[in-house]
Amino acid sequence: MDPMAVAGDVLVAAVGIATPLALAATGEVLAERSGVVNLGIEGAMLFGALGGAIGATVAGSATGLGVGILAGVLVAALFAAVAIGAGADQIITGTAVTLASVGLTGTIYRQFYGPAGVGLSLPTLSPIPIPFLADLPLIGDALFAQPVTTYLMYILVPLVWYLLFRTRPGLAVRAVGEDPTAARAAGVSVRLTRAWAVLAGGALAGLAGATLVLAQVGTFTERMTAGRGFIAIAIVVLGRWNPVGAGLAALLFGLATALQFALQAAGLDVPYQFFLMLPYLLTLFALAGAVGRGQAPAALGKSEG
Amino acid sequence: MLLTLTGISKSFGAVQALRDVDLAVAAGEVHAVLGENGAGKSTLMHIADGLLPPDTGTVAVDGRPVRFRSARDARGHGIGMVHQHSTAVPAFSVMENIALAAGWAVAPTRLRRRVEALTERLALPLDPSLPASTLSVSLKQRLEIIKALAAEARVLLLDEPTAVLAPAESEELFRFVRRFTQGGGGVALITHKLEEALAVADRITVLRRGAVVLSSPRSEVTAEGLTTAMIGGSLVVAPPAVPLRDGPVLVQCEGLEVRGDGGRGLRQASCTIRGGELVAVAGVEGNGQRELLRAVAGLTRPFRGLLEVARPVAFVPEDRTTEGLIPSMTLTENVVLGVGRAASWVTGRGVRRVDWSAARQRTAELADRFDVRSDGTEATAGSLSGGNQQKLLVARALERRPRVLVAENPTRGLDLQATAEVHGRLHAAAAAGAAVLVYSNDLDEVLVLGDRVLVAAGGVITEAPAGIDRVRLGAMILGQGGPDAE
Amino acid sequence: MTGRRVRAWLLVGALLGGCTAREAPAPFRVALVTPGSIADAAWNSGAFTGLNWIHDSLGVPVSHVEARTPAEQEEALRTYAEQGYNLVFGHGFEFQGPAERVSTEYPGAVFIITSGERVQGNVAPLIFRLHEASYLAGMVAGGVTKSGMIGFVGGVELPPVREASEAWVAGARAVNPQVRSRTTYLNNWDDAALGREAARALIRVGADMLHHNADAAAIGVFQAARETQGVYVFGANADQAALAPAQVLGSAVIDLPRAFLLVAREVQGGTFVPRVESFGLASGVVQYVPNHALDSLVPAALAARVRAAEDSIRQQDGP
Amino acid sequence: MRSNLRALGIGAAALLIGLFLLAVGLELAGYDAGAALAALWDGAFGSWRAFTGATLVRAVPLILIGLGFALALRGGALNIGAEGQFYAGAIAAAWVGVHAGGWPAWVALPAVALAGLAAGALWMLLPVILKLRFGVLEVITTLLLNFVAEALVSFMVQGPMQEPSGIYPQSAPIVEAARLPFLFGSRLHAGFVVALLVALALAWVFARTWWGFRLRALGEGPRAAEVSGRVRAGRMLAVALLWSGALAGLAGAFEVSGVSYALYQNLSPGYGFTAIGVALLARLRPSAIVLTGVVFAALEAGAGAMQRDAGIPAVAVYVVEGVVILVLLLGDAAARRQASRRAVPVVDGSP
């Protein structure tokens, strides 16, 4: 076997695994830059996945992506109403929203597809190789022969970076996250800005969930996000609250996961559980190595009311 | 008239903050709004600035009535507020802060050029790419002014602008104010300093307890008249105690060096403080005095040098509600926290317990003795007024029977009566044999309070000669000559 | 204050306990406890279908509950026994221990433990030798593979899962001793996206024949096969050809509903004797079901060999 | 006292609203809501057996983990990795319990409990070090370690701790002496009493001890607590977090020695997360955590009954739990707003 080809294939998998994580983490960067920690994105992803499945069942993949995004926004709106509207503790609200989402998606899914949940099988978005770029050695397939959602991620990550660091609304978002009092003095509505950031974050989380269904497995299963929303939050920290950093951190996590399966498939005589731990341990140590205290938005997690 | 406030009233619950107040700012005029803390000056400015809506009354710009829904709204009408405390986002650069306030585009190259052009035009130089958190206090204020003017303000509301400035810096500020009014702008200057109002203003309005008690042109008022109007009666001031000059040495430092949080910190300090002395430190913020006080209080570890401090030490921090008291906890709990485990109500060995009824009783006594007005010992500290919070902080500091008492800006934001009471307590502590070390950014307070004066400049602590006057002290804190200057 | 509040709460519980005792049980009722969601299109949904068959064919009341943890599982068995259910299915080997404990308290109820271990009182195992079918699937894979590498994706490493994976490899080697194999575990039954990645990793190291025992997570395995030219996959538990009609060569199937119904009939008729009930290929409950749409891919000689092996396994099983 | 009553009122209202929404949702989905709620009640409180064997048995880990969560959060630290610490405790307890052959119960039981405590604290050690040395938020690290713990349990039950026949993914059963005795002739094990005692002890620590008071001060006003010179934040939080982990570990130990008698992979249905709701609903008050622990346990016990007797998907109960917490937060916020309307705001631009 050609080791280059194997490495290239692992990269393909890494980018695939990283795509929903990067999307969700980018959304969370937006929210956290505005000073809001949204643990509810696990729920928003789960709803995005269900929305994607239902939308695609009714009217095809494109609709599925749209419904998934919309579902993510709705979950984020619930979070925003309680955590921003009423000024409740963000961590607790996020936990509750995720809890309710696990229950609701499970219930709705069974309601929609029968109590035993037929294994629905949707057509998935197939990889679209980009001419020339896809022929690059090693990274060509990994980066440029991916489903449309990965390309969306390529667009959205820099877009959110640009939005945050080069535009006025982005400036307002960061001001609100650093110093709500100063932002208010500058005439920025703290709650409204945070609400928009959280809703946009929810849209990205919904898209991430829909990606799981529409670009990867072609079906919805209960609890299928399996903690990816929480991983995305760790990725935000690892990426130092920068969309590009988060994208790279997601790639690192994707690489660790892809490597994990590659190692299992390589038939090494090591208990597979240690490979399963790999992505999480790697993230932990990366955090210890990379994170300084001063990186987080100063007003992060402090409810305002 | 650029800005006219007519018949403004505002209340918060049962508290009537403003009662039928009129105020007008004309083009080319500095209008001083004078009053004690709590007289309603800030509330009035917040109404002018769009941060608070008035209950009744009207706000007019250029004679046309307006309704501000936000600070942005007010800014759109040419009203610019310069807050006493910086409203800059610390993590942002100077130019990002200006863009945020003025609504400018964020693209870095263009933004920098635009900011540079503005600062040049205003003759207020400031590096656009410096992070706001690294600016000195006076530069932070400069940034506030540039922010307001970037938004094309025609009326500047200056809230206690000289509270944190050295005299020379204040002079520079007032030179700018004159340039601004000569260019057709109007200024409302909020202050509690008589001399300042008399020196700068064209017109003076005095507020007391939310109502206008006097309003006339500068030429028609006297210092005495203004004092009577502000206070509405005579002051009770505790007589300064006679210091014990030959008390034991309780604080001794030699070649002391303390690292600051990002700033320069304290580079060099040598001092001796005896029991019975009240030593005041003068300095502009960020010159090492904070590090000196906190090292003496035992909160930061010296980087180098010798520091010996007698125990127990008590500390009264400047920021009453984040470093001093815990607003969500009761008076009793705050007292228990501050006094520590040496208190009589902490009992037992191994697992120490708190006897809450004893602590409550003692807190009630302290509140009574120090005149802390509250809804009882189980009220939250956050429900107290600033003056009462400060009295509680001082009370609990003294409850430790400290041999060394350290206080930062102990009267910041207090009215004259409360200030006098706090001064009295500090003197009394010294008279009882403690070594008292106080920092104040108000030079007058330093001169009134200190038996001796230390000066912090550029991270170096020197002693001011006895009998120094305000002007020379002002020069010293800016590092411009002093007794030891070469 | 603490103590008082707690005591009051306990008292409420005690009072309620006294006044809502259950009525006498209905003549014959059947219950099912599954260790996971019945929306998995495989192991658990098959059992649930079996329960519904019992309801429809025998016209008896049925009930189902999901119990994910050992504590919940024992409690669920005990509650059904307490409520007077006559027949309780514990759908997995993990119910063996709890059922034995509960059975001593409720000797009247019959507990059937799918993939159970042994008979104890009224606890009897219902064993499915799915690995016999997986063996046949392995034979097909071993004969058809071009790369000489086959892969298996397991959900959680449970005994039936391991047995299936071992039989699958043995079957392949029986046809082609040179076949190499790889096995990957997910430690999860729900995460279909991970299932897909695991399968893709196997495909990358050259596996062109895949088999699984991962319930809902295996949907990702089918997805991976659909995405890759020349890779074929074998279903498990149910006939899963529909999940990837052009890639599924066959499925190792357990006809759970039929087995459930057989047992329920006996218990209802009073003829049930606790015994180790084991279903293999011979019973027809376990089957290897080829996807006839792809018959052309399986050489006739190989198909004949598989049929021969199937016959000989049936003979060994006995009637 | 009055505020206690009001808190209880808000809690009860939140619960009722949550149940009401569940009923509406079920009716809309075509289920018989009345029968479902009746089943919920029966499954949780319907009989002495249900109350002790289903509800209170579940309440034990919820109460213990909830107490640990409250302990850390009172000091301002968020431990959302109780699930991992629970498993660490279960592993250690099972190890000791399996190897306790020949020990008398009065040695074996404390040894099992101590093993759980120690392992839970040990699992918290890495987050504590990362927090103190590198400033990494404990929210992230404790969470990531949950995933690691799950893999570790899987390894244990397939590897070094697998039962002797080597077939099943579970440990050998623990010896009789290491099994907790039952209370009142029910399935409720003695861990319940320990949970109550821990709640009492923690209530006492918060209300009466110098350490507990300082911990609360640290949580309510971290800067003021440090500047007062009475609190060393790092050390105090480390101790609180380690105890928080230890209590979750104890919960894991009790689950092994009181319920499952062996180590399994799927020992926890998510106690670590549900317990967050338990502690918050109780506003971190130990005595109230006992109450809310029982309420959440009753909801989960009742959820099983709803599925059993009324055919409602068991996952629906998560909706109730989530909604109860959300409604509670809203009620809290409303109460706060009412209180602040009466107070005079500080007029310097900050609310």
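Every chain is named by a letter (A, B, C and D) in the order it is written, and numbering of its residues begins at 1.
Basically, contacts are C-beta pairs under 8 Å (C-beta built on N, C-alpha and C of every residue); 3 or more make two chains touch, one makes a residue touch a chain.
Since the structure is predicted, the reported quantities are computational estimates derived from the model, not experimental observations.
Engineer: Starting from the defined contact criterion, work out which chains touch subunit C and subunit D both, please.
Structural biologist: A
Engineer: Using mean Cα positions as chain centres, tell me which chain lies farthest from subunit B.
Structural biologist: C
Engineer: Could you quickly compare A-D and A-B and let me know which has more C-beta contacts?
Structural biologist: The comparison resolves to A-D.
Engineer: Find the geometric centre of each of subunit B and subunit C from their Cα atoms only, then give the gap between the two centres in Å, rounded to an integer.
Structural biologist: 74
Engineer: Hey, how far is the Cα centre of subunit A from the one of subunit D, in Å?
Structural biologist: 28
Engineer: Averaging only over C-alpha atoms, locate the centres of subunit A and subunit B and give their separation in whole Å.
Structural biologist: Averaging C-alpha atoms per chain gives centres 46 Å apart.
Engineer: Averaging over Cα atoms per chain, report the distance between subunit B and subunit D in Å.
Structural biologist: 46
Engineer: Using the touch rule from the top of the page, what residues of subunit B touch 2 or more other chains?
Structural biologist: Answer for subunit B, listing residues that touch two or more other chains: 51, 83, 87.
Engineer: Can you list the subunit C residues in contact with two or more other chains?
Structural biologist: As it turns out, subunit C has residues touching two or more other chains at 37, 187.
Engineer: Residues of subunit D that touch two or more other chains: which are they?
Structural biologist: In subunit D, the residues touching two or more other chains are 151, 154, 158, 311, 315, 349.
Engineer: Connecting every touching chain pair, does the picture come out as line, ring, star, complete or other?
Structural biologist: other
Engineer: If I apply the definition of touch given earlier, which pairs of chains qualify?
Structural biologist: By the stated definition, chains touch in these pairs: A-B, A-C, A-D, B-D, C-D.
Engineer: Residue numbers of subunit D touching subunit B in their complex, please.
Structural biologist: 208-211, 213-214, 216-217, 220-221, 223-230, 341-345, 347-349
Engineer: Subunit A touches which residues of subunit B in the complex?
Structural biologist: By the definition above, subunit B touches subunit A via 51, 70-73, 75, 81, 83, 86-92, 96, 99-101, 103-108, 147.
Engineer: How about subunit A: which of its residues touch subunit D in the complex?
Structural biologist: Contacts found on subunit A: 78, 82, 86-89, 91-93, 95-104, 106-107, 110-111, 115, 181, 184-185, 222, 227, 230-231, 233-234, 237, 271, 273-274, 276-277, 280-281, 283-284, 287-289, 291-293, 296, 304-305.
Engineer: Which residues of subunit A touch subunit B in their complex?
Structural biologist: 165-168, 170-172, 174-175, 178-179, 181-189, 297-298
Engineer: Under the definition above, what is the set of subunit C residues touching subunit A in their complex?
Structural biologist: Contacts found on subunit C: 37-42, 45, 48-49, 151, 182-185, 187-188, 190-198, 200-202, 204-207, 216-217, 219-220, 222-223, 226-227, 240, 242-244.
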